[in-house]
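Questions regarding the structure given below will be posed in turn.
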Amino acid sequence: MALPLPPGLTHPEVAFLAEMELVTVVPRQRLEPIDLLGGKTPPLRPPHRTDLPLWLALLLKKQRRANILPPPWLHPASLADIIHRETKVTPEAFSEPPPAPARADVSQPGRARRQGVDQEGDDGGIIMSAPFRPACTADAPAGYLPYHWQEVAEALLAHAGDDVTAGTAGATVSSAGEVRGLIRDLVEVRAAKMRSSTAQLEGFGAGLMSLRGVGAMELAESRGFVLGVVDGVRRIGASVEGARREAEEEREGEESDEDMGI
Amino acid sequence: MPMYGDLGNKLVQHAKRTQNLAHLPSYQTELVRAVAREVRDLDKDVASLLEPFQGSFDPSAEQATACTLLVNHLSMRRNKRCLLAYHRTRTDKLEELVWSGSDVLDLAGQQTGGGNGGPVADSGGSSSLSPQEEDYFRQYGDLLAAYKGQWTDIDLTGSLEPPRDLFIDVRVLKDAGEIQTEYGAINLTKNSQFYVRQGDVERLIAQGYLQKLG
Amino acid sequence: MDIDDILREVDPTFHTIPQEKRDLQELTRAWTAERSAPELLPWPTSGLFERINDSIKHQIEKVEEMTGDMDPKTNFALIVIQTELERYRYLVRSYLRARIAKIDRHTLHYLSTDDLRARLSEMELAYATRHQALLHNHYLSSFLSSFPAGLQNLNDAAGGISMIETPDLDAAVFIRLLKDTFVTARGVDEDDAANMRESDIIILRWSDAKPLVEAGSAELV
């Protein structure tokens, strides 16, 4: 068999994808641009911040060539705020994903266009999305968990723990233990939501279910189970659905007969 | 006398078991022949049942015959499906072995209990593969090699695990002298530290000369 | 006026997002989609994989040129280049193998009509055709040739049941909307239709998701 893997991305594959998220580094050494397949890297000039893909930032970090600025949403205050919203404000839904990055629209001053929404042509029609839509840089908004939040948080805590505790610019210094604890709480709160939405799935007779705000790792975790339940409901209900469709078609047929005055 | 279809069932059970095995069990030559023979016998039955009617068979007038014909047809098709499923399960396994880089010699070795192997054809009928399967194994190997050859820079049979830690920090635990890496020679003196390609030093780590850090 | 806007007017091929970045987004998206969709998706006709394969080739040559240079600066650049190279090679490899696995599983199906055949790259089509021929020959030499002539086909559909297995197009998938979109989806008890928002992640049947993905309004996740 050419690919002995189940459909849908596995844990390691999702973690791999998350390493393409852009993060902000503060170089400790100069580094000339490198011609990569994904484009030339920007020159690194201490102490000027630069955005780089996570995999490269981690490589620089390991070599002590740079420090990583944690994204504002990873700050304890932001995490606590998100936990509050996930438990108290919208206990049945995941918290909102980050807003699509706004970009100043020069032709219409004062108006911002949402990137990727109505700008076909600018970018050859391609709409960028995670992990290529910046959501983990130092400019990312606090209070919103991006799609790869869990993987990025885990990677930063594991390999740049000292940077995470150094805090974002202007914020108070925190402990790695505090951030880890908050992340653990968040994972638990959201896992419970995932379980309750899968419980809903058992009686899932409708065609659409939204999991807005869910993270990539959370999807990978429950993919097999969730999709298995939905497919099971469909198979068991196949004859019911077939009968319903037939009845609907008949009704429509009658209506169009009436329309024609027959 | 066994019921028509019993042998087909046996084949499917063999196939089912094969799916869960790491190796390929022996090809069921006799069973395959018997199931195929059953198909030919059923076909002869059909011909002789229809013979008296000389092409003017009317199912509604001859319901008993019609019923027998239907059962025979279904049995033939069922046997065919069983044979296809059995052979397909085995070719899937063979293809898996080709993808993982095995060759026919490995298969022979596996069959003779990991001994010195020797080509399957010479192992005096102890091969778990039928001669047709041996042919298939080679032909699929050639096919895959041809497809792979179109993507030489990708290494199509390489790892399906996402790459991690291509380069690692190592500490030298005991003097190992000079080793050649693609960056040139490195002198491994005790307690020195290096950032090297993992693939270059895996053996030295296993041998206890180097220790992987962090 | 924005300098990008001026450039776009002068040169319609100018994009604010450089080609390499768009290619990586497309490659990653194609990989995720192929790993998630229950059926084989069309081979990109944009030349994406041909382009990426060429860049990989060049990059490998560059690594060979740089190798042996003991200047520590070059050395680190080489580490970065090789790390990235492995990432690209893995993505292309996993993508190609996900496709081959699907083609192998339902070969006759993907060879059965011109529309389906058009989803395969030229090399995949050659592979699938040859693979099917090998299998058929194997069946013939193992048992099929001893069958009555009428039973020797592999694509017979007597009794209304086709022997060609097909992928389950109604299998459930996850998609993310790339723009605000009106989504319709069939269910067991009722069908749904709703205006959904950009960034919504939805569970629905692949057959209902497919038109959205093809139109670029959604992506598989």
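Per-chain residue numbering starts at 1, and chain names A, B and C are given in the order in which the chains are listed.
We take it that a residue touches a chain if its C-beta (ideal position, glycine included) is under 8 Å from a C-beta of that chain, and two chains touch if they have at least 3 such contacts.
Worth saying up front: this structure is predicted, and the values here are computed from it rather than measured.
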item: Two chains sharing the most contacts, counting C-beta pairs only; value: A-C
item: Chain whose Cα mean lies nearest the overall Cα mean; value: C
item: Maximum centroid distance from chain A, chain identifier (CA atoms); value: B
item: Averaged-CA centre spacing for the pair chain B and chain A, given as whole angstrom; value: 39
item: Rounded Å distance between chain A and chain C, as computed from the means of their C-alpha atoms; value: 22
item: Gap in Å, rounded to a whole number, between the CA centres of chain C and chain B; value: 25
item: Multi-partner residues of chain C (at least 2 other chains); value: 56, 79, 83, 87, 90, 94, 97, 100, 104
item: Set of chain A residues in contact with two or more other chains; value: 1-3, 5, 13, 16, 59, 63
item: Where chain B touches two or more other chains at once, by residue number; value: 95, 160, 162-163, 167, 195
item: Residues on chain B engaged by chain A in the complex (per definition of touch); value: 92, 95-96, 99, 160-164, 167, 169, 195, 214
item: Chain C - residues contacting chain A, complex; value: 1-2, 4-5, 8, 15-18, 20-22, 24-26, 28-29, 32, 35-38, 52, 55-56, 59, 62, 73, 76-77, 79-81, 83-85, 87-88, 90, 94, 97-98, 100-101, 104, 168, 170-174, 176, 178-180, 183-192, 194, 196-205, 208, 216, 219, 221
item: Interface residues, chain C side, partner chain B - complex; value: 53, 56-57, 60, 67-70, 75, 78-79, 82-83, 86-87, 89-90, 92-94, 96-97, 100, 104, 123, 126-127, 130-131, 134-135, 138-139, 141-144, 146-148, 151, 154, 158-159, 163
item: Chain B partner contacts - residues on chain A that touch it in the complex; value: 1-5, 12-13, 15-16, 59, 62-63
item: Contact set on chain B toward chain C in their complex; value: 32-33, 35-36, 39-40, 43, 73-74, 76-77, 80-81, 83-84, 87-88, 91, 95, 130, 132-133, 135-136, 139-140, 143, 146-147, 150-151, 153-156, 158-160, 162-163, 166-167, 182-184, 195, 197
